[in-house]
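In what comes next, chain A is part of two complexes: it sits with chain B in the first one and with chain C in the second one.
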Partner chain A sequence: MAITYKTFNNADLAVTRTLLHEVIPITGSIVSGTYVEGTTNETNIKNYSHGMFQSIYDYPYLSSSANHIMDITVGYPADSAMSNSSPLAQQMQPKKINIYNQMSQLLVGFDHTGAIRPFDKDGDLTGGNKIKEAFFITFARLLVKDEIQKNTFRMSFATGGTAGNSRFLNSMTVGDYGADSSYKVNSPAGEYGILYTSSVTPNEESGVGLLYYQAGVAVLTASVFTSSAANDFGSSFGSSATSADTRNINTVLSGTAISASADGFRTRLINVEFNNTTELNSTIYFCRANHNEFNYSSNPTYLTGSKIRVKEVSKDQPLAYITTVGLYSADKELLAVAKVSEPLKKTPQNELTLRVRLDY
Partner chain B sequence: MAFLDNSGDIILDAVLTDTGRMRMAKGDGSFRIVHFAFGDEEINYANYTAVTSSGYEDLEILQTPVLEAFTNNASSMKSRLMTLADTTHLYLPVVKLNESYSNNHKRYSADNVFIVAVDEDTAVTDASLNNVTGIFNGWNLDDAKSFRLDQGIDNSAISPTIPIDGDLTETQYIIQMDNRLASLYAPDGTSAASVSFIDDDNVASYYVTLSSNPSYVSSNTNADVVTALQVIQGSRGTTCEFKIKASTNLQTSTYWFTRLGGTVTTETVACRYIDTFIRVTGQRTGYSVDIPVRFLKKV
Partner chain C sequence: MPNCLYKFETDDVFHNRIKTHPECEFYIYDSVVYYKNRSLQSGSFTPSVPNVKPGFVNLYELNVDRLSGDTGLIYPYLTKTSNVESFKTVSISHFHTQFDYGTKVTGTYPLTASIDREYFAASATRKHVDALKNVFDYYLPMSKHYKFSSSLGEKSSQALNLISVPSIFYGSSIKKGSVDLRYYVTGTLVGQLKDENRNGELIQVAPYGSTNSGSVAGTVLYNEGFLCLTGAWEINDRQLKYTGGDSVDSGRWLYFGVGANDGITGSSGETASTQTRASASFSMAFSGTHYVPVLTMMAHAQKGKLNHSNNPTYIDYESSASFLPLTGTYVYLERDRTIKNIVSASYTEPTASFKKITYISKIGIYDEYRNLIGVATVATPVKKEEEIDYTFKLKLDI
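On to the complex of A and B.
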């Protein structure tokens, strides 16, 4: 009987899982300094009237070409020194506490009493030092995709500078060094690694932050900015920052708006780099054309006056050319199509197996 | 779509069709790949020079550039490769419109299309249009006109007295048309066919079979060698016959005529029209015919 469809059997299907990685470089010039309108207005930085966080785009955000790349915000818990005794009158303190609580309940979870757990420096939630004052860098899903690949995250930033000098006088690189073999799984938001500076030997107390791989969130302790001799954490962008804005991190964190702290961090950011991961679940369909199958065609040009063009006499072998593979449902609806880059000749002398992979 | 790079290794470019995505989104289990088929719609077999016998017979065919896959399900796999156990076939059947059988199956010769009058005013009341060959009553189907297609080997080398091979006889046809415009009816106009499915582009597919729908599909037992009533010169297989009824929307409004069509004067009558086609495909051999159809509504 003439047939044009062939039914798959169990041996014709295979399911695979592939992890695809892309390198994501975010240079400091993207997050500050490139899209400046006038002297201080950065058009790729979006601040909101609620003031809870600051969004960074790779292009002026009013343009449809702009892609959201990350947000920066800051927070500390109610028992932080920032909220108790501040060098300046506290600004947006409830919002900073809310941010910290929101991030910690999402990323660290609750203890047995239902209380929100604070971020822990080494991931051992039973005790040890906590990260109280923190910068939160939340990366867009566009960049993170399914997750950040472990031991690929590196972030360089200036930690301060003496007034009048370059703010990049002192810099630091942090990363999830060694996380491909050592990471934590006690977070309700998935796996996370400890961020260390490039110069230290990782140990329980040398962590400076946490990186949540699936959530795409970096938590950086604000204490990294207190090690600079001058403690300069000026928040305004431009030349005035290096000469006049000499407030230290404590002052900025507690005494200015969240956006000002975000500005201070953003303008010190030198580079962020990581590999993202996309998990591809694939079904491979093996489309097998045996020697005695698919040797004729229903192409209208195949016949001239009902005679097969590619045959002179009946004993000539039939042949046809494959350019397309169609995958069909049980009711013969075309669900997927695959094209080969050049026609494949099919005759009774050959057999073909075309491997069609559909990724989900 | 661009051409695929054919300078190096053979690559395979696979995509889900719009229907595939729609079924996946439904989440009801209707996205399940069960069958496959091979297609060759880019190939022009007229470029095959069988007499060359020098290894270059199919050079032009093998150099045919192939476009990237279309996501529109209706745009791909229009011609499929076929499996036949017998490799000695020299002739294969075709499906042809039979306009010779009677005037009731002819197209409207002036415009070279089959015209379907969509409402009473056009199909019945207007004396200039209602009895014209090639203008079908698509309003209440109260005429003897119908579409007729014959299947068989259209070559006198295989006499019609010789029965067609059983594996080449079409016993099922797929009739596809725009569901917004019309639906399928039996050739006597009394009963509507059940639609098998309607895809995301509003293309309705009807399956009619020899065993279940004898009014649509019948064996063509005529074995006359010389006859003006047949279009298949050789062995004859089956005949597929049907009518189409204009949709209520076409009957009662000009919406689709405004969007998809234009105006035309037919038999001195000013009308609105929509041009479309009905595709009839033999399920067994995959051979298909596109029937040009014009829906007509008097202004």
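On to the complex of A and C.
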């Protein structure tokens, strides 16, 4: 318990912020093909009975070492061509519509009439082209941390692939090129950037998706898959492929379960990489011991035989050794303690400023 | 949003903590440390799935089964700014001379931890022991063997074996009375130490009746996670290369844990197989002390309360022809609705007398701004009648 307190003034406090980043590589070998049990059971992929999304882990998820990487799902609005009853057979349509609506409510919001806004290709919500059929890739908070760093997101995938042939045809890389200066802020979920296929002269038509930095969600238009020459979208390739694997993106999106679309996308994923950001906020307390302060101690060991132990003769100046700095609340409750690595000698001849940093 | 909210009163909310004692065991054999007898788990990309050596733990378990040239590794970085922030692994001079402003200062993952042994021969310099001088003396009320300098030993100069245990393995402190050290030579137990008096003294308790049985061979710094072994007597006469060189010595507590991340490598390649350190193995077991703060909340469902539900199934839709309101030029009338009678009766007709019954299936916790911040779901819905009251006990580990 201290017996002398010194109150901080404004000049004694400083607030700083440090941005810590992590480089997150996610290769295609992690999300498909590595942890296969038997012939088809991928033990790092979790499908749920509700079937609304698929979870990807970096190791078989029954192991305690496994980390959740991301979830994949698909959706389209009620006015999408995928919602028409003909000619495509449909499966899980209400769920796909609900997913699109839920995602757009959270990430795009509502217009002045209360209607849900659809995802917009260039972020200008007043008009323009909309993203209707979309893949949603929601990255785990473990990887995203506070947010994805702008202009670091790159995702490579194959837009084609034929069931009886190669897995990776017509590869494409999308990224939030230039987003560090051109990101958008008109989303209720925070900032977002537009995914382009290259850094060259992006325009409205060249946007293929959106990336929400704080939410950690990538929205990719399904139209990138339909333009490919070889556009089978099944999850199996080569000799193990079945007739179900020769279906194109439209058929898979509308006529199969969400997990089948997720499988199709996942098995075409070549690489995802981004940098995350963690904000480290610090308050620095400058604890100043002026020349005439803190030269005595209330420590019982400070005295021996009613005399100050560290004074040789009575005319010597008082001195003390500072070992600890206590930070107290206004009610004089001890909140934090800072220790110095070795005791600091304090006499009327010197002044000390101890810089105490508190990270949170 | 529920239409009935009750405020927790002073006696309804408790803050307490659960004290747990997680067990921890290390086995050291031929310069390899095994943690909880876990074997090496081979992955698809790495020979060790957690991406750490045996005996280590991976903080946050990042980079599980990842390889630098294959799947890539997650790593942290900072951009050098005038804040002069850097990683602890980057020295100050390196930071100032090797990095320009705006460049990346990188670190590595995973962050790992394991036990660590340091052996100090007599009169050898020992910064890590000297730094613990005040800590040793702080424990003096428990045992005189803690005294840094006494007739029982001069820790600043005597031969000493210091084993460091990171706090990730024990939490707040090592549990008193749980430390158990076993020294094996060719598989036979030649010595065992326990802090059976719970005062930090590591007393030789086995083999029964052995010379020096009952002697204090070291002390434990429970809060700081150090084991300091000073027992220099011979506990086994087999001559082994305990110090890493070619010199041989008998088994002593000073050599306990040799090879535990102390720079002494394994015995492969040794020619004199009768003197190999691989003949000796060591077990170290203890329990930690870990506190789990718990928030306990008592949610009361009082008599005569919570007997109505907004659930659509609470209404008997079959008894009314239409629920549409009666509307006209001068009238708008909502029709009466009947609550479904779900009281159990022995006969279909007549039914039992009506009672208001609800089934409580969930309890929502709201903050002062009425934001839903938590939901507790009961295993099976609880039947709530007007004359019954319940108290639900909600526990939350924080």
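Please note the rule applied: the second predicted complex is superposed on the first by the 259 of 360 C-alpha atoms of A that agree within 3 Å, B and C clash if a C-alpha of one lies under 4 Å from a C-alpha of the other, contacts with A are read in each partner's own complex, and residues count from 1 in each chain.
In this section, a residue touches a chain if its C-beta (ideal position, glycine included) is under 8 Å from a C-beta of that chain, and two chains touch if they have at least 3 such contacts.
What you are looking at is a predicted structure, and each value in this text was computed from that prediction instead of being measured.
Of the two partner chains, neither chain B nor chain C is touched by A:188.
In the superposition on chain A, contact of A:18 is made with chain C only, not with chain B. Legend: residue contacts after superposition of the two complexes on their common chain; A:346 is shown touching chain B, with no touch to chain C. Of the two partner chains, neither chain B nor chain C is touched by A:94.
Once chain A of one complex is fitted onto chain A of the other, the partner contacts of A:59 are limited to chain C, with no touch recorded for chain B. Annotation for chain A, partner touching more residues between chain B and chain C: B. With both structures placed on the common chain, the touch criterion links A:29 to chain C but leaves chain B unconnected. Residues of chain A touching chain B in their complex: 1-8, 283, 285, 287, 289, 292-346, 348, 354-358. The touching residues of chain B, counted against chain A in their complex, run 4-6, 10-17, 19-20, 23, 30-46, 48, 50-51, 58, 61-62, 64, 66-71, 73, 76-77, 79-85, 87-94, 153-155, 157-158, 166-168, 174, 196-197, 199, 234, 282, 284-288.
Contact residues on chain A toward chain C in their complex (touch as defined above): 16, 18-25, 27, 29-30, 34-35, 58-59, 63, 65-67, 142, 273.
Residues of chain C that touch chain A in their complex: 43-45, 49-50, 58, 60-62, 64-66, 70-79, 83, 85, 109.
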